[in-house]
Amino acid sequence: MKILVTGFDPFGGETTNPAIEAVKQLPDKIAGADIVKLEVPTEFNRCAEVVRAAILAEQPNVVLSIGQAGRRAALTPELVAINLNDGRIPDNAGQQPVDQPIQPAGAAAYFTQLPIKAMVRAIQTAGLPGQVSTTAGTYVCNHLMYQVQYLRATEFPALRAGFMHIPFLPSQVTDKPNMPSLSLVDDVRGITAAIAAIVAE
Amino acid sequence: MKILVTGFDPFGGETTNPAIEAVKQLPDKIAGADIVKLEVPTEFNRCAEVVRAAILAEQPNVVLSIGQAGRRAALTPELVAINLNDGRIPDNAGQQPVDQPIQPAGAAAYFTQLPIKAMVRAIQTAGLPGQVSTTAGTYVCNHLMYQVQYLRATEFPALRAGFMHIPFLPSQVTDKPNMPSLSLVDDVRGITAAIAAIVAE
Amino acid sequence: MKILVTGFDPFGGETTNPAIEAVKQLPDKIAGADIVKLEVPTEFNRCAEVVRAAILAEQPNVVLSIGQAGRRAALTPELVAINLNDGRIPDNAGQQPVDQPIQPAGAAAYFTQLPIKAMVRAIQTAGLPGQVSTTAGTYVCNHLMYQVQYLRATEFPALRAGFMHIPFLPSQVTDKPNMPSLSLVDDVRGITAAIAAIVAE
Amino acid sequence: MKILVTGFDPFGGETTNPAIEAVKQLPDKIAGADIVKLEVPTEFNRCAEVVRAAILAEQPNVVLSIGQAGRRAALTPELVAINLNDGRIPDNAGQQPVDQPIQPAGAAAYFTQLPIKAMVRAIQTAGLPGQVSTTAGTYVCNHLMYQVQYLRATEFPALRAGFMHIPFLPSQVTDKPNMPSLSLVDDVRGITAAIAAIVAE
């Protein structure tokens, strides 16, 4: 089995993004599956083009995308992506779509094919906080999760795909009162556990 | 310089206490100071007797006590201890004092002698969340902080002393939604940075 | 214009539900529109049957459903309903579906037809906290929002419909530390302002 | 019995302060006690001079001061005031003392003489959120609470005094996500219930 794991680059004024940092540190094999790592830009549309190119090149069985969700305290596999771009801030290319469909001909939403409850249990068994999330928001994270599902629906029917949000790093919250964080080491451990659950299914 | 660092054992239904776990993993020397480590029971009065015995035996220049504060997201050096025992739950010996002074002849409160703002800056510089706290509560943590100050006021005038609360570990919040945590590695790094700030002062 | 406003009865161990209490206190006319009020049971499927019967009897132009979302601090119009029942607790009839579609032949999700951003602005202009929500959860609230959209898709194409969550009442959080609440008077004011925004569109 | 109830004017960029707004709306008699209302400036030292003048003029049996504590969800009677001014922002006169004692010859702290647990129970019985607070911070609220206690210790030994923090108003949090609030009507009800508990003692 081959799993493509993607991570976003920094955005929103942050100089680091735990998503790509954690992805870079994953082992090359998890539970027997080959792990292919990919950095994606925090840009509407272009992030999806980058992932599509990697799917064509690598032919993975699974795509798992990782993104940062400040304010969350746990690793949160996402249930569903919705067909809406609505940016509170511009992306890294300066685009800020408001109330726009991602794909005018796409479904209103796509559910993930990944075993998110098993992923959460695996994260918790690894001694880390995990929760299913029922919203990926309306920014670039939801956008990419939706776009990969749309690619699945239109081009790659055998693909299974999903998204997981991870908290801020401790170094991002040094002076933000009451803001939860999780260390990079634990991000890597948690993503690894979640991927093992995907392989085990 | 010799620094006595104390950590509480588990309480309140938890099977671990990050306080004593982190203290155990501190190096034996920090910024040139000798670190002496001490486990203390989560019991009113007896915790203070154990620390007093260690002060007599070790003659430290500084006492830094570490305790767990669930729900906090940062390492929080405490500003002040107040002369009140008021337990929401019994301690590990079954005692649950309500609205009782700790020392009938003691001051209403004692401020720490430790450089808590410098400690917070050092924690933040280490890339970890740090905040000054203005309340240590009314349970065993405040009790011990107060008692050590009372010992200073009555027996050990050269002593400098203080308290720092640390968050839950990730393993304690696996299924607690929205509950912040910090890893043991980061607890150790943060306590080490705080101690270096004490030494540097 | 006629607007059917529904409110759920109490559930989850609570003895009151601000949703139905607030709905009962709405005026009979808001911004010229006729307001029809309906109590619905916190039960999968039956809540939808009750609303369908009322749509047939009353022929409303708009259905706005109100539900309680403990832990939220604001009035939150919902963006989207998803095709999933996944109960953390049983409903008031003892049903607890897990990972079940609401309508096997339904869309994965339906977006609301209501002007949720204008509703939020109207709530804020009334001096009350308002935020768009991108998830109605996977319990009976999302279920009803989805079912009314499904009715629209299959039976009542002219209908516009949506859902708004409201916080706990102060009386529900008397001893819940740090739990936000909103008064019934403010719920009524906020729902009224939101309905006026629907009428104005 | 005569009770002097004080409320602060707006500060920190807010155009209203629920403290003085609520105080203004209190009845003139509560549980048989005469209520005297006083607006105080959000300024170190001068707030205390204004209260001292009112104590001399009115000879109250009790002083209850009310202040705003943004981020809190409940009415929170304060346990203790500490001898420290440490402003995160300047007060309304531009003063921003850092790490300064309020009274160089004063005690480290003073406990309130008011029955704070009975006040909390009365607030909860009125159907409103109430919690004891163990910190009034280090800004003007703590300052005034401390100063009134210092006046009691040095000039007015028969006085009983205390402080209660109240949340933001809904109108102050219209666009602050996840920020709790409480309505002015409920502030007035809660303060009234707390005062009745003071009288009943």
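Things worth noting here:
Order as written gives the chain letters A, B, C and D; numbering starts at 1 within each chain.
Everything below uses one rule, namely that a contact is a pair of C-beta atoms (placed from the backbone, for glycine too) under 8 Å apart; a residue touches a chain by one contact, two chains touch by 3 or more.
These figures come from a predicted structure and were not determined experimentally.
Spacing of subunit C relative to subunit D, judged by their CA centroids, is 38 angstrom.
Subunit D has its Cα centroid 47 Å from the Cα centroid of subunit A. Measuring from the averaged C-alpha position of subunit A to that of subunit C gives a distance of 30 Å. Across the assembly, subunit D contributes no residue that touches 2 or more other chains.
Viewed as a contact network, the protein chains form a single closed ring in which every chain touches exactly two others.
Pairs of chains that satisfy the touch definition comprise A-B, A-C, B-D, C-D. Put simply, subunit D touches subunit B in their complex at residues 79-80, 82, 84, 99, 107-111, 117, 134-135, 137-138. Per the touch definition, subunit C reaches subunit D in the complex via residues 72-74, 123-124, 127-131, 169-171, 173-183, 185-186.
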